[in-house]
Amino acid sequence: MAKERETERLRLTYGQVGGGPGSLIGPVHRAALAMDGQAELVAGSFSWLFDETLEAAKALGVYTERTYRTFQEMAEKESEREDGVDFVVITTPNHLHYEVAKSFLERGIHVVCDKPLCLTIEEAERLLKLVRETKLEFMVTYTYTGYPMVREARQIIRNGGLGDIRVVVAEYPQAWLAEPVEETGNQQASWRTSPKYAGISNSVGDIGTHIENLVHFTTGLEISRLSAKLETFVSGRKLDDNAYILLEYSGNASGSYWVSQVAVGNENALRLRVIGTEGALDWRQEQPDQILLARKGKPMAILSKGNEYLNEESQLFARLPPGHPEGYFEAFANLYRSFCSKLISKKQSIEEDKLFTDVLDGARGVKFVHDCVTSSNRGSEWIDGSFKI
Amino acid sequence: MAKERETERLRLTYGQVGGGPGSLIGPVHRAALAMDGQAELVAGSFSWLFDETLEAAKALGVYTERTYRTFQEMAEKESEREDGVDFVVITTPNHLHYEVAKSFLERGIHVVCDKPLCLTIEEAERLLKLVRETKLEFMVTYTYTGYPMVREARQIIRNGGLGDIRVVVAEYPQAWLAEPVEETGNQQASWRTSPKYAGISNSVGDIGTHIENLVHFTTGLEISRLSAKLETFVSGRKLDDNAYILLEYSGNASGSYWVSQVAVGNENALRLRVIGTEGALDWRQEQPDQILLARKGKPMAILSKGNEYLNEESQLFARLPPGHPEGYFEAFANLYRSFCSKLISKKQSIEEDKLFTDVLDGARGVKFVHDCVTSSNRGSEWIDGSFKI
Amino acid sequence: MAKERETERLRLTYGQVGGGPGSLIGPVHRAALAMDGQAELVAGSFSWLFDETLEAAKALGVYTERTYRTFQEMAEKESEREDGVDFVVITTPNHLHYEVAKSFLERGIHVVCDKPLCLTIEEAERLLKLVRETKLEFMVTYTYTGYPMVREARQIIRNGGLGDIRVVVAEYPQAWLAEPVEETGNQQASWRTSPKYAGISNSVGDIGTHIENLVHFTTGLEISRLSAKLETFVSGRKLDDNAYILLEYSGNASGSYWVSQVAVGNENALRLRVIGTEGALDWRQEQPDQILLARKGKPMAILSKGNEYLNEESQLFARLPPGHPEGYFEAFANLYRSFCSKLISKKQSIEEDKLFTDVLDGARGVKFVHDCVTSSNRGSEWIDGSFKI
Amino acid sequence: MAKERETERLRLTYGQVGGGPGSLIGPVHRAALAMDGQAELVAGSFSWLFDETLEAAKALGVYTERTYRTFQEMAEKESEREDGVDFVVITTPNHLHYEVAKSFLERGIHVVCDKPLCLTIEEAERLLKLVRETKLEFMVTYTYTGYPMVREARQIIRNGGLGDIRVVVAEYPQAWLAEPVEETGNQQASWRTSPKYAGISNSVGDIGTHIENLVHFTTGLEISRLSAKLETFVSGRKLDDNAYILLEYSGNASGSYWVSQVAVGNENALRLRVIGTEGALDWRQEQPDQILLARKGKPMAILSKGNEYLNEESQLFARLPPGHPEGYFEAFANLYRSFCSKLISKKQSIEEDKLFTDVLDGARGVKFVHDCVTSSNRGSEWIDGSFKI
C-alpha cells in the first residue's frame, strides 16, 4: 500500500462500450489512450454478446467483475463504485450512441463518443442539454482535429493569416464501397449502409461530417444555406455513397464539398482548401504533417509539423521532431491527451482551455447531415443550413 | 524559279486577325505554327489600329501589301488573290470572333479561332451552319486537347479502361483576378471582365469552357442537367470570378466543376478526375506529361508521356522522349499540326482523321456558358443542359 | 487474487535504463510499447542522477522499490526477483550501451538496445558472443525496419521483383547541425558530436548506420569494399557532420550513400533507391506509407500501405486501413510487437520467426562505421568493408 | 524589291551540319530556332549521305544550291557567298564536332555546337584558341541552362541567397540503356556506346557533362579534386553506363554526382541540389518550372516560373504566365534567342551580355570527362580536377 502511494500520480480510469472483436475503431481508441498512459481501461461492455465482452476483457486485462452485460448496467454499477470510471468511451455503431451517452451522463460520468454524436437532431439537443445541466465533459472524437497541422491551420486562419475567407473547397473521396461489399460479408459496410444502424445517410454521415467539422473547426465559418445532391451508385444500396454539397457561409464565403465512397483510386483522401483575400491553405489527411500555405504575391510555402516557425498549439500537438511522421494514432492520442488533461485539471480545480471537439460540434454535425438529406430529397433545393441549438 | 520548284513542298500560308502588340495568345499561335513549319504567316490585320498592324507586320516579316485595315478587307482581298491564305487565325477579343469567322468562311477560307467560339448561341448556330454548308475546316483551339496525355486519357476512357463512368470532378483555379486589377491597367483583366468584350461570363466563359471541353473530349459524356452558382467576389467587378457547377450526364454519371480566378495560391491549375466502375484517372495541366491511373484493386500507376506502353495517338502527340518536358506551346503546336495536316490531305484528296476540336465543340462551349448563367440567375436551379444543334 | 487470475493473460514486464528527463528516444520506446500493451514498465534506472530516476519513476508509475541508482544494481536485483523484468530497454547515450547490455545479458535478461549497438568492434563481438552463449533475445531498434513498406521492399527484393540488383543509392540528409548548436545548449547535439559519448563518428554513426542497416535489411547485399569521405563543415565540431560513401557489394552491385546533418531544408529525409535489372524501388521515410515501384517497360506504380495487393508481412505490419497514415511511433511499436511476441512464444515453447533486427545487425553497423572512418582517414582509400564475425 | 525593304527586319540565316533523317536533336534545334523566328535555315549538309541531305533539304525548304556533300564544302562556299549564313548549327555525332567547328570558325562563321564540344582536351584548346583569335561567337547548347528556373537558381546563388555553399548533390539517372539496345538496332545507343563516335565515355560524356555544366553555371564553383568510379553494367558494352563522382571544389565545398543509364524507372531525371550555410535549393529537370528553396529556420518555398517575385533574368526566360508549362523546346529556344540576339547586337555594334554557354563551358566539360575517366582508371584515385585553359 505504502508503495503505491509513493508512486501515485493522478491517473484516470475509463470504461468502454463497444469495441469488442471485429471493431475497427475500438482498438484505436485504446491504443491512443495507452500512448500517454493518462488513463487505464478498467471496465467494459464491449459487445452485445456477453461472451465477446468476456473475451475482450481477458485480452485487455479488465477484471471480470467490471465487465457488464449491458451499458445500462455498466453506467449504474460504475457510478455506484467509489473507484468508478472517470469516463466512458463509446465505440458502438452509431444508432446506440445516444442511449449510451445519455445513460452515462445521467449517472455523472464524463463521456467520449465517436462521431457522429447520434442519429437525430432531437437526440443531439437532449444530449447537449444534459451536458449543459451536468457540466460534465463530453468529447466527440473528430480524429482529424488531433493532427498538429490542422491545429496550425486553425491558428493561421483565426489569426487572420488568410484575410477574409472567400472560398472553401473540401473533399473526402474513398474507394472502399465502389462495389456492393455489404452483400459479401464486409461488416463495416453492412452497418454503415444500413439505415437502422447508420441513420439517414452513409457517405455524408460517415465522412461528410468530417469535412463539416474540419471546416468549422479551422475556419469558424457558420453555414447559412446549402444545397446537396446525395447519390447512390451501387445498385441495391440503401444509403448514399457519393454526394456534392454547395454552401454559403455567414460573411459572404461560399464552398463546395465532395464526398465519395465509390472513388476508385482513393484511399482516405480528405483534403481541405481555404482561400481568403490574402492567402490560402491546403491540407491533406494522407500527408498530415504538411500544409501548403500561399500568401498573395509570394511563393508557396510548405509548412511542416514540429517546426519552431509554427504556432504554439500546433507545436504542442507534435510529439516528435520535424521529419518524423506522425499519423492517425497520434492524432487520436492528442485528442485524448487534451481530454484527460482537462479532466485532471478539473479534479485539481485548475482552469484549462478545452482543446477538443465536444457535444456542440457533434450536434452541429447531426444537423448538417439532416440538412443535406433534406435538400437532396427536395431536388437539391437550397435550404437554410444554419445551426442554432 | 527553277530553284524554288526543286525545294518546294506542300506548305500552307495563313493570315492572322488580332494578335498585335500587347496580345497574350496571338504570339503563342504564331510560335506554335512555327514549330512545325507547315504554314507561313503572310497576311494580317493584327489590330484595329492600322499603325499597330503595320508595326506587327514589320516585326513578323509580313509584306505591307498584305496588311489590312479591317478583317473584312482582308477576307475579301485574300480570297481574291491567287496565292491567298489557306486559313485565318482569329485571336481577337471574344466579341469579334463571330464576325471575323463569318467573313472568312463566306469567302471560302478555312478558320482557326481561339475559344470561346462566339458570344451567343445564335452566333454559334450560324457558324456551325456555315461550316456545314461550305465544308471548310474550322478549328477552335482548346489548347489542352493538344497535350499528349489528354489524348491518352481520351483513349483509355474510350477503350473502356475505367468501366462505366460514375463521377467527374474537375477544377480550374487561378489567382490572377483576386484583386480588381482591371481597375489598375491590366488589359487582359479589363476585357475579360467586361460584358461588352467577354460576353455574359468571365470565369465560366474563360476557363469553365476549358473544363467543359476537356470533359467532353476525353469522356464523350453529354450533359443532361446542370446547376450553377456564379459568384463575383471582387467588389465592382461586372462578371463572375468564381463558380461552382453540378452536373448530370447522360448514362447516370454526375459531376462537379469548380472554376475560380480568385483562388490565391493557384496559377493555372486545371485538373480533371474521371472515376468509373473499374478505374479512375487524374490529369493536371501543370504537370501535363503525367496521368495517374487507378485500376480497382491495383496500385496506382503513373503514366508518363512518350512511353511505348501508351496508346498510339498519345505517342504521336509526344515530340520528345519520356522525361523531356513538353508544355503549353507544344500542345498548341500539336493542334496546328493536326489542322495543317488535315488541310494538306484535303488538297491531296486524302482521307484523314480530324484530330482537333472544331466548330461543334466551340458551339457546345457557348451553350454551356449560357446554361450556367441561366441556372445561376435562377438561384442555381437545375436546368436542362443538353446540347442539340 | 482470484480476480486477477481470471483476467490474466501472458503479459511481459520490462525495465528501462536511460530515458529520463530530457531524453528524446526514451519516451518513444515507452509509448511504442504501450500501444500494444504486451509489456509493462515496472523497473528503471532512468538517469545517472538518482533524483531524476525517482522523478521519472513517479511520472511513469514505477514503484520506488524497483528504481535503481545504477544499471548494475538493476541488473542484479531484477535478476534475483521472482517477478523480475523479462527484458531491459537501453536508451542511454551510445557509450553506455555496451556495459549495460553486457550486465543484463550476464544476468539472463533479454535486451532491447537503441542503435548503435556499441562503440567498438571488440564490444560488438563480445556482445554477439554473449548472446550466442546465453541464447537470449537481443533487439537493436533500427526503427525504420518497423515500417510496413520497408517490409514490403524487403519482400519484393527477396522475391526477385527487381531482378539482379545493380545500383543502390541512399541518402539521409538532415539540417539540425548546420550551426554549432552543441555550443548553445542543445543536449542532443552535445553528446552526439562528442567523441566521448558518441564514439568515432557523428553523422555516419547516427544516421549512416540507418542507411547501412536499411540496405542490408531490404536487399541482403553484403558490402565488399567501400570508400568514405567524412567531413566536418561546422568549425570547432569534433566529429563529422557530412559524409559520402561509395560501395561495392558482393555480386557486382555498387552503391552511393550520402549522409548530412548540415543539409539545410531537410528534416529527416532518409531515402532508399534500389535498382535492379528488372525493376527498381524508391522509399522515403518522410512518406513511409508508399513505395514507388518501377518495372521495366511499365508505368511506375505507387504501392500504398495496407492494401491487399501487398505481401503478407507488410500487411501484417499495417495497423490501419490504407490512407490512414502510420508513422514513426507505429514503426517502433511494430518492432516491439515482434520482439514481445517472440518472447511470449519462447515462454510457450512455440517456434516463431524473428521479425526484428538483432545483435548481429547491430554489430554489422558498428563495423560499417569503423570502416568508413578508416577509409576516410586514409584519404578515402577503398578498403575491405566485408563483415565477418 | 521595294516590298521587301518595307517589311525588312534584321533576320539571320543559318546552316546546319548533321540533323538529317533519324536524328533526335537536329529537329529540336530547328524547332527551337523557329519559335522566335530570328533566323532562317538556308543551307545544310544534313548527312554524310548526300541523298539524305537532299531529302532533308526538300522537307525543310532549303534550296538545292545550298546543300552540300561535305561540311568542308559548305564552310567554304557559304563563306564566299555575299548572303552566306550567319552561323552554323552542328548536330553531328560527337566525333565530328571538332572538325566541323574548326572549318566554320576558320571561315569566319559563328558556330553553335551541341555538347560535348569535342572529344579531346587538345581539340578543346584549339577551338578555344580559334574563338579567341577570331572573336566569333560560339555557343555550346547545354540545354538545361535555358530553363527559366535554372536562371533563377543561378541568380539566387550568385546573389548570396544560400550563403556559402557547402554541399552539391546532383544526379542524372535514365533507364534507356538498361539493356544492350545497341545490339538490337537502336541507333542512338549504337553511336553513344561506341568509342569511335562518342569518345572515351558514354554516361559521363553524355549526361555527366550536363551535371558538370549545370553546377558550374548555377554556382560558379570550380572543381579542385575529384574521384570517379565509372561502371559498365551491361555485358558487352564498350563504354560506361553508370558512374559515381565525388568532388571537392575551391572554397571548401564538396559534392557527389551520380549518373546512370541503367536506372530502371527513371526517364530523364536530372536533379540539382545546392546546400549552403543559409539556404538550399533543389531543381528537377522533369518539373523544370519549379525550384524548392529552403532558407534556414523558414518553411520551404516553392518558386514557380514566371512570377514577379523572381529575379529579372528568370522572368525574361519565361515566355508564358505562371502555370503554363514550358519545357525542353522552350529551354532550347531561349538559348537560341540569347545567341541570335547577341549576333544581331554585334551587327548593330551594341554591347550586350552573353546569356548562353560558350566554348569555354564546352572545354570545361571535355576536361571533366577526361578527369573522371582518368580517376576511374586509377581505381578511383583522387586527382586534380581543376580547369585552367
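So that you can tell them apart, the chains are marked A, B, C and D in the order they are listed, and the count of residues begins at 1 in each.
By our rule, a contact is a pair of C-beta atoms (placed from the backbone, for glycine too) under 8 Å apart; a residue touches a chain by one contact, two chains touch by 3 or more.
Just so you know, these numbers come straight off a predicted model, no measurement behind them.
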Just tell me the minimum hop count from chain B to chain C, counting one hop per pair of touching chains.
1
Decide which interface, C-D or A-D, involves more C-beta pairs in contact, and give its chain pair.
C-D
Looking at C-alpha means, what's the farthest chain from chain A?
D
Quick one: chain A and chain C, Cα centre-to-centre, how many Å?
34
Whole-angstrom distance, CA centroid of chain A to CA centroid of chain D, is 56
Interchain centroid distance [CA atoms averaged], chain C/chain D, Å:
45
Where in chain A do residues touch at least two different other chains?
266, 300, 304
Of all residues in chain A, those that touch chain D in their complex:
293, 297-304, 307-309
Sort out for me which residues of chain A touch chain B in the complex.
162, 166-167, 169, 171, 175, 178-179, 227, 229, 231, 233, 242, 244, 246, 252, 254, 256, 258, 260, 262-266, 275-280, 282, 292, 294-296, 300, 379-380, 382
Name, in rising order, each residue of chain A that touches chain C in their complex.
3-4, 6-7, 9, 11, 24, 28, 30-31, 34-37, 57-65, 174, 176, 266-269, 285-289, 304, 319-330
